[in-house]
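One chain, chain A, appears in both complexes that follow, with chain B as partner in the first and chain C in the second.
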Partner chain A sequence: MAKPPTPPTARGTRRSLPPQALPWLGLLALALALPFFMSVLPWLKAWPVDWLLPLADWINAAMDALAPALKPTTRILSATLEWPMLALRDVLQWLPWPVLVLAVLLLAFHASGPKLAVICLLALLYIALSGYWRQAMNTLALVGIAVPLSLLLGLLIGIAAQRTKIGARLVPPALDVMQTMPTFAYLIPLLVLFGFGPVVGLIASAIYACPPMVRNVHLGLSRIPGEIKEAATFAGSSAWQKLFWVELPAAMTQIKVGINQTIMAALSMVIIASVIGGFDDIGWEVLSTMRKARFGESLLAGFVIVLLAVVIDRISAAYASKDSTQRTPLLAGRIGYCGGGLLLLCAAFKLSGFDPSITDPAWAKAVATWLDTRLEGIVVAYGNALTAIKNTLFYYYLLPLRIGFSQAILPFTWGFDFTQLMRWSYAIACGVLALGLSWRSGWRKGLLLAALAYLLYFGLTGMPWLVFGTAIILLAWQAGNLATAVFTGLALTFILVTGMWERAMLSIYLCGAAVILSFLLGSALGVWAATRERASAVIRPIADTFQTIPLFVFLIPVLMFFQIGEFTALLAIIAYAFVPAVRYTENGLRQVSPELLEVATEQGATPWQIFWQIKVPLALPTIMVGLNQTVMYAFAMLVIAALVGTTGLGQQVYLSLSAADTGAGLIAGLSMALLAMVTDRIMQTWARKRFAGMASTAH
Partner chain B sequence: MTPITPALECRNLWKVYGDNAEERLKQYAPTNAKQAAECSTALSAEGGIIASGHINLQIQPGEFFVLMGLSGSGKSTLMRCMSRLTEPSAGELLLDGADFLSAKPKALRQIRRQKMGMVFQHFGLFPHMTVQDNVAYPLRVQGINPAERQRKAQEMIELVGLEGRENAYPHQLSGGQKQRVGIARSLAVDPELWFLDEPFSALDPLIRWQMQSELLRLQTLFHKTIIFVTHDFMEAVRLADRIAIMKDGQVVQVGTPQDIVLNPATDYVAEFVKEAPRTRIIKVDQLMQAAPAATTTTFNGQALSQDMTLEDALSWSAERAGELPVRDQNGQLIGVITPERLAMALGNTPGKATSNSDRQSAQPPAGVNS
Partner chain C sequence: MLKQAITATLLSLSMGLSAVSAAEMGAKDETIKLTINEWTGQHISAHIAGEVLKKAGYDVEYVTAGYDAQFTAMADGELHGAMEVWSSNAPDLWKKMDEAGKIKDIGETGFEAREGFVYPLHVKALCPGLPAWEALKDCAAKFATAETIPQGRLIDYPADWGTPGADRMKGLDLPYKAIPAGSEGALISELKSSIAKKSPLFMVFWQPHWALAEYDVEWVDMPKAEDACFNDKSWGSNPNEVNDCDFAPARVFKVVWSGFEEKWPMAHAILENFSVGTQDQQNMMAAIDQGGGKVEAEVAKWLDDNKETWEGWIAAAK
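Let's turn to the complex of A and B:
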């Protein structure tokens, strides 16, 4: 076994080390010593199976015991939900399509104006023409029932959180768990309780989608100025009058933001829940065609999802941002010409013998086949290039992160053997570099380099759990505070003793790999958008649209070009997670006060200096929020990416879903939520400490 | 004269914040000023905050009563205790002689619906309602039918001069207009007790002046019992029948503006008074001497009215004197001046707190009071 890099010790630094550095030195010593004992004490490398807590079995046993008792209730609930859902589905199916198009058009008109109406018209025409009208309506029926449920639930919980002490205590942490819990994990216990069927997706969507509503209701109510509440009290309002006549309406602007987010979350979850199957909805269509590798069709169907999302989002967002005090009269005139236009359109369709209820229309089939052949052509023509991209990234980026140089460097991958001499040279070079760096620019940088070198040598999965866990807890303690460290310790212990450590490491590895690339890509685009108006004009709407697209759809394009596997998953995650980095970087850079820039220019700073010395430091708090969001998005997508082949916690959740294994699924899901929460906490407490007081200067 | 029941009376009223502060206060149970001072010192030492301490005030019906103090002096808290928007920690509060603190939520609501109105510093307008709906809201909660409440709201809107803006939303109004809505709303139920919490602080000086005049006009119409909070001594002096000056949760001095200007109780009060335009506050009857027992002089039918301010009295008297010569060091005549001019100059010097434009309009036309 090779000797890993030597630590930057006090010997090499002239300045005395601060006390914070000491635990790190201890850890480094431990980290360097451990590899030599791993063969003697195997539990240092992997937590022994005998020491595992059979939590999954306990949960399953509890579920088995509870399920029969709960069955009658769930059956009633199931029936009460299924009935309106089926009814809505039938109504939507029965409704002649022009009626729905007209209704949507009027809504779009009322919400925003002719531009949105035209967008919606085109979107709906595509859906009608593509032959997926029926599936789209089925999805709409699910959303149509899930959304009101979710809104009601969110409203009640939000009010409770704002009004009651117990609510204020319980709700925020519960929301954290709910929002970081992988989507599939919601489905598993519901499946056990409700059995297979669309109702599970419905309930899961309603639950999954309510946190944004809760948050915004809570926020909206809390932000009402005290005087407005006092004015209501002083007028002699009863509690109900105050809530319904004053507080909720006054908070409506905020609540509408929540409504929009909840609708989009519900749509996303409805699509994801289609993995359960049985409702012939659009998500199922995409999934099944993808499984059959009929990418032409899945592209066409995926586009339906995108358009559905865009239409629903734009209309609800337009309502949300609309000044409710400006009442637009309900369109007496517009009904006229929208209706007239539609009549003409219908007549044209009638004459051409078009019926959207017919699935798989000939043209769509033709387009799908054409797409398929084109795709195949591309894959064949550029196969070598695609494989080269994939292999390069895989061998030189993913593998070292996952298993480290120690195992990744092989003649097969890198073209040479990692000889003993090289290992020693690597260790010594890194050690010297780390020492030099800590001497020149402080112990933190030296330590960072040493840690990175260690990580790259062993890889995330090859690292002893003790080293990794201790490092993270130390980080949580020093970057955050004691509470963060305790939380981190508990979370990691949970993952360790429930036997999820290895999978968690795989998840961290893939997530980390994706986050690094997403953030690089995203912030680069963000910088570009912040400096060039034209770039911003192009990037912004694309970023907005990417955020509204249900996660699922991102799988199609990557799967077309690269087969199932980790690399494909990586691309899918990046496609979703780079967006917040773009947005926040651009916003952060744009928020820097022009006055400060004038000062810098006046003092003769070059644009480059202004960028690095003024703009970036001032935008950093916002950019860090973007990084945090990128991490959260990556975690969210990681689970969906399990569909195209990952090996971490996401896969465990997905496997448990198909096996209806509540225990394993919940534990894997919870582990993932804990990882996301730990990352989030550390980053947030660090940012709060680091950027305290900067908000005032940044604006 | 039979004693009048005060419209609102505070007896040994306290409001304290902090861990256990309320319980500790109950243990101390201070009854007189000396005990109160000891108790305050002890509570502060324990980390408690005394927002209002040992407040004893009587506010008479129809009185314009101003609570004046700098920010953090506890004036807003005291007003909120008086209206029970905040529950006092200890003490008694009598509304028309009846115990107000024991009123249960339902009774309290009823009292607020019928007897009280409040105007807020930042207006407290409902952003989602039109001017009309804002003003009608206190009537709506009482279940009054729409036609009736619209009629009443309209009346109030006209009273504050906002006719034509009935259907505007708060965000479409200027600050002065917003506060007019706030005033109209607080008057919609025709309250007896009218609380105004720094109503004009958020307004521009000129608008503030106009609104003060407007308020004085309304008060001559309605004769409400007014409790008005401000941090602006000039405003207090201009509006108040009586002022209570607060500092650190205590009332330092209570009296008419003249009392306070002529006899500030402490150095703290004297600081405010120094800034005050004495010539516009002190009135003739405070300065006059007893008329000789057997007055034979007729004064040519001329007289100063009793409530004329010093400034007006000076300029009034000065008008009646002629020009006086002004000479340089060598005794050379360089100009003439009238005492009137001198008095006018005097009237313009004092007061830094109000802006120049404000003072221009502050200048009442000469002789108005005579």
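Let's turn to the complex of A and C:
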């Protein structure tokens, strides 16, 4: 009699491991065995110097050979670019300030209405009264040329990416590098090729600012319905006619979004461009005050940039969202504007007894001094409390992440020695817990626990490179796909053989620590903003400010509170990286359809249940985009964080900058870009798989 | 008149041969561009030099330029002179351009530069043996923080300026961990917050710097630097290491584009003669950074008060 096959019980399926788990088991065995061999085979811990690829030397040799040949061309290019910028600067400087204020006012009114006009008026009045008018105009001239240049480049590249096969392949990764590679990393070759001066800043801005335009042009052109294109072909238009008269106008809404984003990106580069100098712009002021650690003054100067960004962003966003087919201002209205403008202009001229470009306002000095004394007051009053906070986070959060429990637990940090017995108990306890967890809730959770325990024991910098690298590649393969895994493998190999591994791990550690806290803080604020209108009204402008103010400004108070070191760097990164988490969380939660919530309420779900079981799962795809952006922002801040004394890739970028070492700078910069790209790829492919079916249900 | 002539003669003697040959004005219709870097002292030096050149009949423009970036600009002849280059933090870019003969070192600025270890005055109460360097040995625990325990904490220059602090801690066998500052702003922030909180602080610093005029800061007394200290391990208190002494005095010098002398011979000679005392420089810095004065006004005042000095530079150049 044949035994009936026993139906697989729930427990049975859990117990048999799926094939995906097998490589992880192998890795786990390797990870546990490696520490015992590290003393015998030191290359397991650190990649030997002899095995390094002298890539930096090769790049420098190539640069030395190529630069003389390229210089004539690049110098002509920089002369061509410099001329319009200087002309624009002279025009802006010559223009009486009330004229510009009025022009912006009218523009704002035309773009949106009286509310925006008032905001712009106040912003410009601040700039005029703060004594930074001249510098602000110089900055405007730089942005004024950088933006059209980026837009033109973006448009051409975007069309090429959409039209040609090569373009479609090459453009997306190139854009990633352009956006994630820190500018300081390629400043030296730019200086050598294009010569000293604001043109270098202009080119750097254009490199950073054109990707959003490319992406939006590409997206806009790809989304045009086939019927429209067919209709154009039937009408007998040539390819060019079709592009200019049909496709580009049809994609205009998307392209306008790109224009707005490009403007904002160009503005955010202003401060970086001023490191080179040569233009007496507002970024230079911020840098000089930062050097003197004058918080008050640097905040006042930094606000000029924020306000410039607000004015330009709001006006361009208003134009972008405006329906181009609708023609609101009739001719009569326009004449009315101009007439009124002229009248106001004359009155303003009379009033403009003072020249904002030369006044050194007393009020600004008073405010700056007040801010500085306040700051010192806080340092004195709460110094000990602040140090206590810093030490707690440092001992129990940062140190374990960096060097692991194995080295972090010492009598003067945790208050006791990490004895051999404790070490074994930790290992056994974690092992048992991991096994239990995989038994009860699946192998993935057990594995996660084991990985976490391993990570916290050795720390990111103490982990053997082979274990960390293999784990990331496996993750890329299973969360993403084979292509992601191959890319990850190549990127990590590059970092390893160019000798950047150790610095990269320090950067990953700092970024990781910052991302966790930024995301917690940001999403909590986002949830709050999504549930309370008033909270949202308060949080939004704050988030905007954090995103546009040059963060150099905040380095000073954070430094005074917490001194030089990684903790200060951590806070600086968080200050920048929490913003996208706030925005996307709020947007995601707000997008959940109200009908769905009504149904849930009718069925008696508590607010708690509604939040966790309906809102969060539906908002998750958007929240994940926010997390992704948080990671990108954290990487972008690494270079600035190095100004408060970190030792990762950011420091390497500065070292190469001052050593004029093109090769080393490019390699450090590229390593950063690759880390950001790897994280981005893994998260995106995972999200695409995970949320493939969700997009339709979310709306 | 006599005094002026004497000054001029002395200057021409001290400046070497260049001033002996009578110099021509050269291309006086073309603007000489002097760099403005990121710190007040340099603004003063540049403006003094520029104003004197103007008095001699030249057209001068001041151009803001990053300290590192200015050397590529001078190598290309786009900018023409930098009035304050510090040997202690001059980037390799300077060395490269100098070796390639594209820029030229035209002598020191005249003020005594000093680098060394400093501490705010209140720290003396925490570590009574100061300013003798030996006292630091036993005070290490007082300077310890979460990052450095059990060692003391020393704030070193930003890593891209070099690591003189770390080198000396090793040389003198002092139990301190050197933390690179990252930027000048970070160094100043440390100083400000230490003074506000009366907390321990021990760091690498330099003069002339406005902070020394603004805050009560003292130098640590160290064994005087000799060449042997940096080459010979057996020299000094630690027989096993070099660097067991104070900093070698930093050179602060003027750099011009290599084509400068040919184009503006007299201006070149004037800049060579340019020399301002440490005290003058520090007083102007304090008047600007603390007193809220303007660089232009303070420099104009100095020019009025020191007519003989700068007229001597011009006279010697003619």
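The rule is short, and it goes like this: the second predicted complex is superposed on the first by the 613 of 699 C-alpha atoms of A that agree within 3 Å, B and C clash if a C-alpha of one lies under 4 Å from a C-alpha of the other, contacts with A are read in each partner's own complex, and residues count from 1 in each chain.
In the analysis below, a residue touches a chain if its C-beta (ideal position, glycine included) is under 8 Å from a C-beta of that chain, and two chains touch if they have at least 3 such contacts.
Predicted model, so just to flag it, every value in this text is computed and none were measured.
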| item | value |
| --- | --- |
| Touched partner set for A:T73, first chain B, second chain C, both or neither | neither |
| First, second, both or neither for A:Q241, with chain B first and chain C second | first |
| Contacts of A:P249 with chain B and chain C, given as first, second, both or neither | first |
| Residues of chain A touched, compared between chain B and chain C (which is higher) | C |
| Chain B versus chain C as contact partner of A:Q563, first or second or both or neither | second |
| Which of chain B and chain C A:T493 touches, first, second, both or neither | neither |
| Chain B versus chain C as contact partner of A:A231, first or second or both or neither | first |
| List of chain B residues in touch with chain A within their complex | 83, 85, 109-110, 112-114, 116-118, 120-129, 137-138, 140-142, 169, 171-172, 185-186, 189 |
| List of chain C residues in touch with chain A within their complex | 35-36, 38-40, 63-66, 68-70, 72-73, 76, 78-79, 91-93, 96, 145-147, 149-150, 155, 158-161, 179-186, 188-193, 196-197, 199, 210, 289, 292, 294 |
| Contact set on chain A toward chain C in their complex | 187-188, 191-192, 195-197, 200, 275-280, 284, 287-288, 290-293, 360, 365, 376, 379-380, 383, 390-391, 394-395, 412-413, 552, 555-556, 559-561, 563-566, 642-647, 651, 654-655, 657-661 |
| Interfacial residue positions of chain A with respect to chain B in the complex | 225, 227-228, 230-238, 241, 245-246, 249-250, 252, 324-325 |
